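Notes follow the structure.
The chains carry the letters A, B and C, assigned in the order they are written, with residues numbered from 1 in each.
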Amino acid sequence: MSNINLSEIKVIKIDIIFKGGLMERNSLMKSVEKDWEKFLLIPISEKLQYFSRDGRIYDCLFAQQLDRDILTHLFKVADVLRKITKNKEGMRFANGLMSHKRSMLYFVQPSTRTFLSFLNACHILGIKTGEIRDTSISSELKGETPEDSVRTFSSYVDLIIMRHPLPNFVEKSAWLMNKTKRPVPIINGGSGKDQHPTQALLDIYTLYRSFNGEIDGKTIAMVGDLKRGRTVRSLSYLMKNYRNMKLIYISPKEFAMEKDILDFLKRHNISYYETDNFEEGIREADAIYMTRIQDEHDKNGESNKVDISAFCLNGNHLNKIKKDSIIMHPLPRRQEISVEVDDDPRAMYWRQERNGMWVRAALISYIFGCDEDILKYK
Amino acid sequence: MSNINLSEIKVIKIDIIFKGGLMERNSLMKSVEKDWEKFLLIPISEKLQYFSRDGRIYDCLFAQQLDRDILTHLFKVADVLRKITKNKEGMRFANGLMSHKRSMLYFVQPSTRTFLSFLNACHILGIKTGEIRDTSISSELKGETPEDSVRTFSSYVDLIIMRHPLPNFVEKSAWLMNKTKRPVPIINGGSGKDQHPTQALLDIYTLYRSFNGEIDGKTIAMVGDLKRGRTVRSLSYLMKNYRNMKLIYISPKEFAMEKDILDFLKRHNISYYETDNFEEGIREADAIYMTRIQDEHDKNGESNKVDISAFCLNGNHLNKIKKDSIIMHPLPRRQEISVEVDDDPRAMYWRQERNGMWVRAALISYIFGCDEDILKYK
Amino acid sequence: MSNINLSEIKVIKIDIIFKGGLMERNSLMKSVEKDWEKFLLIPISEKLQYFSRDGRIYDCLFAQQLDRDILTHLFKVADVLRKITKNKEGMRFANGLMSHKRSMLYFVQPSTRTFLSFLNACHILGIKTGEIRDTSISSELKGETPEDSVRTFSSYVDLIIMRHPLPNFVEKSAWLMNKTKRPVPIINGGSGKDQHPTQALLDIYTLYRSFNGEIDGKTIAMVGDLKRGRTVRSLSYLMKNYRNMKLIYISPKEFAMEKDILDFLKRHNISYYETDNFEEGIREADAIYMTRIQDEHDKNGESNKVDISAFCLNGNHLNKIKKDSIIMHPLPRRQEISVEVDDDPRAMYWRQERNGMWVRAALISYIFGCDEDILKYK
């Protein structure tokens, strides 16, 4: 279900409209709208419309919402935004864009990067921010349901950005909001194990910037815990938006990429191969996407049973990889990338963080329809 | 002592002025000013002047400070403020009103609604905010007294908004501040078990908005833990500002309204009756004010000994209550109101939350004297 | 090493330049730049240039960076800033100075004053703020090194202000930043046991303001735990910037000032004497700098073995000290100063707190080069 292709979605949508017109589709939606359990089961492709307004993403919940057109648009907005904010005057223009808006960051799972980059993305656009990061200081202690808490947040702000440990909880919040008379957009900053669409967004933005907009035809090596890493899953998934991509999955066998993604790649004729030979795998890559072992998902200490030392990038590898390649990592890292690699011009992970802030600012501006103001500036 | 009538206060004040002139009153105040224990014991009615400046509330500490004139004024300011901020230009006007001010939110008890609504009320007015919500990251760990902490906060900001578990601590802070050469206003966001004036403010504002400004003559049912709920106590108290009110107290006998409030109602000829028949009680009400069991105040698990299932509002009740009635709740709720009630147009509790933000913004603007700017806008 | 004189620094710098020109110095620096352990060992005097840009402090890490010229300059900027912000128009000018900048407050040790005064200093200059005060909500949980965390923060903001328990960690962060292509300034808000330069800055600013700019020739009594208090150590150290100072160290013998500082005073011909007679010691002082016992540094409960009751200031002392003296305390206090002293006009500790906010705002404005805009205003 998570492997639905956006091009298929359009077919489904047209099909429904053809069958019974927009009214019928809406009443179809309305019947499931009322029951969250039913809503959860319908394909993501059909849900997307429920989280859109006027042909624009309203709630950003799934990587599936990001097709090539939207990606390219957001990258352009981000590029322009960071350019015009290089001087004081431009930054003040940006700060004024949404200074009449207020947002709420509800992050009840540990996060540094996602939290800070959203916070500062809001600040760049002038959005005032409030935050709850610790449920021990909120009313959940008094027996409030998370759903009521989210609805409460929405009473005070124009935008909710959230990370939550419960699977599908961010989606449920957006579903719930959209049933009310006063919904506010919700952006998913990480929900359960699978969904983290803005991470995928910043990863592809990093490819886009590093390759001067030319992602088509590139070879991307993904290394580490491919089985449980949501970033490599989303990134693989979004590769369908680009042509002639070649993926190299490098991991210990225990952490190989899951079959659902491999099937997906086959269906979309995306070429890939798997290997447990790190040095060989990274040699031809245009981008080497390193990841850490996701031991927080261990059930029986699986991580300790696997030797990952052969899947770490250090100074010795730097003359074995392509000269114009880039090294990425969603961070935080542990030993997967030695500190000595940081000074190499191909080390892109710190810029990748910064790209996250800018492309998130672009996303927010797009949701609120002031992306065009940015593009038109000066 | 908490049942002092504001109309009586005026008599007392005039009496003092008549007896010895303003000077004598001031020296009277000065003698108690120095000793907090003495100050605490004087009637609230006489204290009010100590927390006022130029005929205006300076520290908002007690529901007793809110008479009908002030209530109506604040409701008008809140109404205008939310109207003018519906567009970008108006919101920017509001954001500019107090953008030169800084506030401190010191909330060392769990709170979502009160905290967030004050935070966003500040943001609406452009006030910059700082917060301490967890004493484990502050200097109280190093042995600092709470009084010193509050004085420290006041060094950096123009306004302190606080919630504190110690009874009377917020009042003591304001008393202490007013003795210094550089006081800042303090707003009570909940102090001990009894005082939470802005909750009463938003509850009455909700009645005001729901009934198009006509509160007089309405029937208000209050349901649940009336014995220990500070919101129903304050709301009952403030009913003296309105004419021909009729109160219906619906609760298990164990959680009936306390005698001090009932005596107060008798003294002010406010009609009421008590019942443990929920369905009968809510039938004629114009407003049904639901509350949760305050089990945090349990001494011996009293809450578990009482069956409150008969005091919960669910979908079945919706056709048994008045068509133009409203359903209120200070939130957070547990099972007192079923989720299915949320979609009913009479469910007012989410709007009640939002009313809180707006009327608190109005209160802050009033304390700093920019309420008139709001009323005069355009 | 911590006793290096700033006047000596200039000699060393000139010497190096004379020997081999700027290029050679730079390459000298570059050789140690790469190795933190080596860098840590070079004298602070030689490091200072590494933390400067264009003849201006870039990272504010050590009290040694603050010579008399810089101190006087910052005090003037602070004085002007607080004067022009007394009215709304001036505050808005200040709020606009750096409204295009964003800062990060990373305070992983308890702090109220330093945190809030920096936060509000940022707000005065219009800088948008983000904060991490609790590592349990950040990615350090996922095994990230503190160095990576700091580099991450720098990705999103223009300024990092930090307090950290690890000795030299703030310096290391700045060293690390300066090796990157996109450094941001770092201000030390307290690092390990020794370095807290902005506390020294506000202490001297308090002397400056209290004595109308005339610090030379004053007698400063320092009282309490002189052995382990970093504020009295820094303050003593910075006395070398002033002429004819006389220091009186008043403490139980167990907490006497350390020999390194006494040696430093001798080398710089700063007159001092030590006593354990509190009443005698404070009698002639122009400033009485009270401190608390630093029992957080106890190894075997030393603090409990010493009777400090004779080193506390109470109401009885007020007519025994000079009429134009001032009473200071870095706060938080315990019993060292009775609450009854607070109302005395010589009690300067609350103003000292506020001075901290203003002089920190001045420091930030100076680092970013908008100090001149403040001085030129109107």
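As a convention for this text, contacts are C-beta pairs under 8 Å (C-beta built on N, C-alpha and C of every residue); 3 or more make two chains touch, one makes a residue touch a chain.
These numbers come from a predicted model, not from an experiment.
J.: How would you label the subunit A and subunit B contact, same or different, if same means the shared numbers make up over half of all numbers there?
T.: Here the answer is different, because the shared fraction of interface numbers falls below one half.
J.: Tell me the angle, as a multiple of 5 degrees, of the rotation that maps subunit A onto subunit C over the C-alpha atoms.
T.: For the C-alpha superposition of subunit A onto subunit C, the angle is 120 degrees.
J.: So what's the Cα centroid distance for subunit A and subunit B, whole Å?
T.: 42
J.: Please output the residue numbers of subunit C that touch at least 2 other chains, ranges allowed.
T.: Those would be 134.
J.: Spell out the residues on subunit B that touch subunit A in their complex, using ranges where they run on.
T.: Residues of subunit B touching subunit A: 85, 88, 91-92, 95, 107, 110-113, 116-117, 119-120, 123-124, 133-134, 292, 296, 331-334, 339, 343, 350, 353-354, 357.
J.: Tell me, which parts of subunit A touch subunit B in their complex?
T.: 99-100, 102, 104, 128, 130, 132, 134, 136-144, 147-149, 151-153, 155-157, 179-180, 182
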